[in-house]
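Both of the next two complexes hold chain A, though its partner changes from chain B to chain C.
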Partner chain A sequence: MAIEVKIPTILRTYTDGAKSVDAKGDTLAAVIDDLDGNHPGLKGRLITDEAALHRFVNIYVNDEDVRFTGSLETTLKDGDVVTILPAVAGG
Partner chain B sequence: MLRISREIHDAIMAHARRDHPDEACGVVAGAAGSDEPARFVPMLNAARSPTFYEFDSADLLALYKEMDANDEQPVVIYHSHTATEAYPSRTDISYASEPDAHYVLVSTRSDEAEFRSFRIVEGEVTEEPVEVIA
Partner chain C sequence: MTRYNSLLEAFGDTPLVGLPRMSPRWEGENPVRLWAKLEDRNPTGSIKDRAALAMVRAAEADGRLSPGCTILEPTSGNTGISLAMVAKLRGYGLVCVMPENTSIERRQLLEMFGARIIFSPAAGGSNQAVATAKQLAERYPDWVMLYQYGNAANAQAHYEGTGPELLRDLPTLTHFVAGLGTTGTLMGTGRFLREKAPDVQIIAAEPRYGELVYGLRNIDEGFVPELYDDSVLTSRYSVTSYDALRRTRELIEHEGIFAGVSSGAILHAALAIAEKAAARDDERADIAFIVADGGWKYLSTGAYSGSLQEAAERLEGQLWA
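And then the complex of A and B:
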């Protein structure tokens, strides 16, 4: 099962500069674990020690922010596109 | 050094004044690798707050898709401070994640135009000169 994952500039140091990589998994959590297997360290930039999505990143499955679709439990199917973007925010 | 047109500089200040007392935010996109801010894109502050700003997550995705399709990148990421100086706050630094962008801060605390530009890379802030061109 192939999922395309789009990687933002700031995290391309983990993917040898690739803008997009393939991953496997039927939930977002599984895809992130698979990503981390091929690109060690990436998971730590997306998920906190408490196993929640980091507030500094937004993750989308197709065009839906996963905060509204079950977060890490969001289910994925073959051909879905995961987009990771850093939140643009501040004080 | 940030080189920016008078027109875009003034559009950023005008956006900040219009949204005051809430913080205003947006980007100026430019051709990838050019370092030239060309396309002014004001964004909604989803936080609608005088002390915080955040691009709406759906707007953020749409913006990045659009820039990708145009082979653009966010050359400038700007926001306003409404009661304090135009200098990155600790929160600004913790969120900053575009090492190639010029982070523009403006302040609307007085009638005087405060417009400053910074690089924020791995938590380190470096102010840079701003040249406003015709």
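And then the complex of A and C:
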């Protein structure tokens, strides 16, 4: 099962500069574990020691913020797109 | 009553307009209807007039502001324009810290109202404007930073204005969709609606910019407004420039509403909700969304000319919300 994961500029040091990488897993937690297997260290930038999403990291599945869809337990299916972005100011 | 003693009284109470052509089911037993709240009908043409006026009044009431004071504010444009108008009428100076990648119309309007603009670098977007403003506040302690991202009066303006207006005009409201920037609109309106209509869904649409805007040096430089409380929201969508532009153009094409780009992003999220509701024959929905401003200030960005793809590329490094 292939999930496309879009990587923000600030984390591309972990993906050899790649803007987007493929990962596997049927939940967001599984996808992040799979990502970390291929790109060691990435998980630590997204998830805190308390196993929660980092405060300044937003993750979207098909443009919807995962904090409102089950957070790390959000389920994924083939063809879904995961977008990782740092939290920035608007207004 | 449509007569006012001053422009400062002629704000809010904006029209709520139906979208019969873009709504999935306008008629019938279980309608799924979209309603646009036209916040461009405020004195300087954006929803920010509500927050600007409320923040100034609160600062006057608690003694932080008195005639002759200088107000300092980080802003990507609309809040600055609103504050500039209020500052002019109430006798204050205004210094705006604005990212350099905002439209030329915003600069021209600010200058016309007599505001001073200090530009912050494009890389880092509004984050950088906030950081620069905080440094200036330390250097010039007599300047008064109202700080829209953490000022309770910002959200309160919507709790007392936008929220009650919506429920008065649309008692059957089921969903409210607005843009997420300072988060003031969603926090204030959302709290009011949740108290009065407990099953209401509160949906945020936030802009997804080009990479330049996310050019932080590390994740810890990220920013979440102090006003933000995610328990007020029920879902949150990130909308690309392309989708925002596409919906902005559809809004003109089908409903004759000439809105700014961020309103297209909000409509995009509203349509996602509407389509989910319309997929079930037995579900009705009245979805109100915010038109935050008109399209006038974005004409120079090319948002309204050429193909969608070209326009989206031109907008890539710009702040449009």
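Here, the second predicted complex is superposed on the first by the 88 of 91 C-alpha atoms of A that agree within 3 Å, B and C clash if a C-alpha of one lies under 4 Å from a C-alpha of the other, contacts with A are read in each partner's own complex, and residues count from 1 in each chain.
Here is the rule we go by: a residue touches a chain if its C-beta (ideal position, glycine included) is under 8 Å from a C-beta of that chain, and two chains touch if they have at least 3 such contacts.
Here the structure is a predicted model, which means the values were calculated and not measured.
Novice: Is A:A2 in contact with chain B, with chain C, with both, or with neither (first, second, both, neither)?
Specialist: neither
Novice: More residues of chain A are touched by which chain, chain B or chain C?
Specialist: Of the two chains, more chain A residues are contacted by C.
Novice: So, does A:A51 touch the first partner chain B, the second partner chain C, both, or neither?
Specialist: Neither partner.
Novice: Regarding the shared-chain residue A:T69, is it in contact with chain B (first), chain C (second), both, or neither?
Specialist: second
Novice: If you stack the two complexes on chain A, which partner ends up touching A:Y60: first (chain B), second (chain C), both, or neither?
Specialist: A:Y60: touches chain B and chain C.
Novice: Considering only touches as defined above, state whether A:I10 meets chain B (first), chain C (second), both or neither.
Specialist: Both: A:I10 reaches chain B and chain C.
Novice: Which chain A residues contact chain B in one complex and chain C in the other?
Specialist: Common interface on chain A, chain B vs chain C: 8-10, 56, 58, 60, 63, 65, 67, 83, 85-91.
Novice: For chain A, which residues count as touching chain B in their complex?
Specialist: Per the touch definition, chain A meets chain B at residues 8-10, 56, 58, 60, 63, 65, 67, 83, 85-91.
Novice: Which of the residues in chain C end up touching chain A in this complex?
Specialist: 74-76, 79, 124-127, 129-130, 148-149, 179-182, 184, 204, 206-209, 211, 213-225, 230, 233-240, 321
Novice: Taking the touch rule as given, give the residues of chain A at its contact with chain C in the complex, in rising order.
Specialist: Residues of chain A touching chain C: 8-11, 45, 54-58, 60, 63-65, 67-69, 83, 85-91.
Novice: Where on chain B does chain A make contact in their complex?
Specialist: Residues 25, 27, 43, 47, 51-55, 57-58, 60-61, 64, 73, 77, 79, 88-92, 94-100 of chain B touch chain A in their complex.
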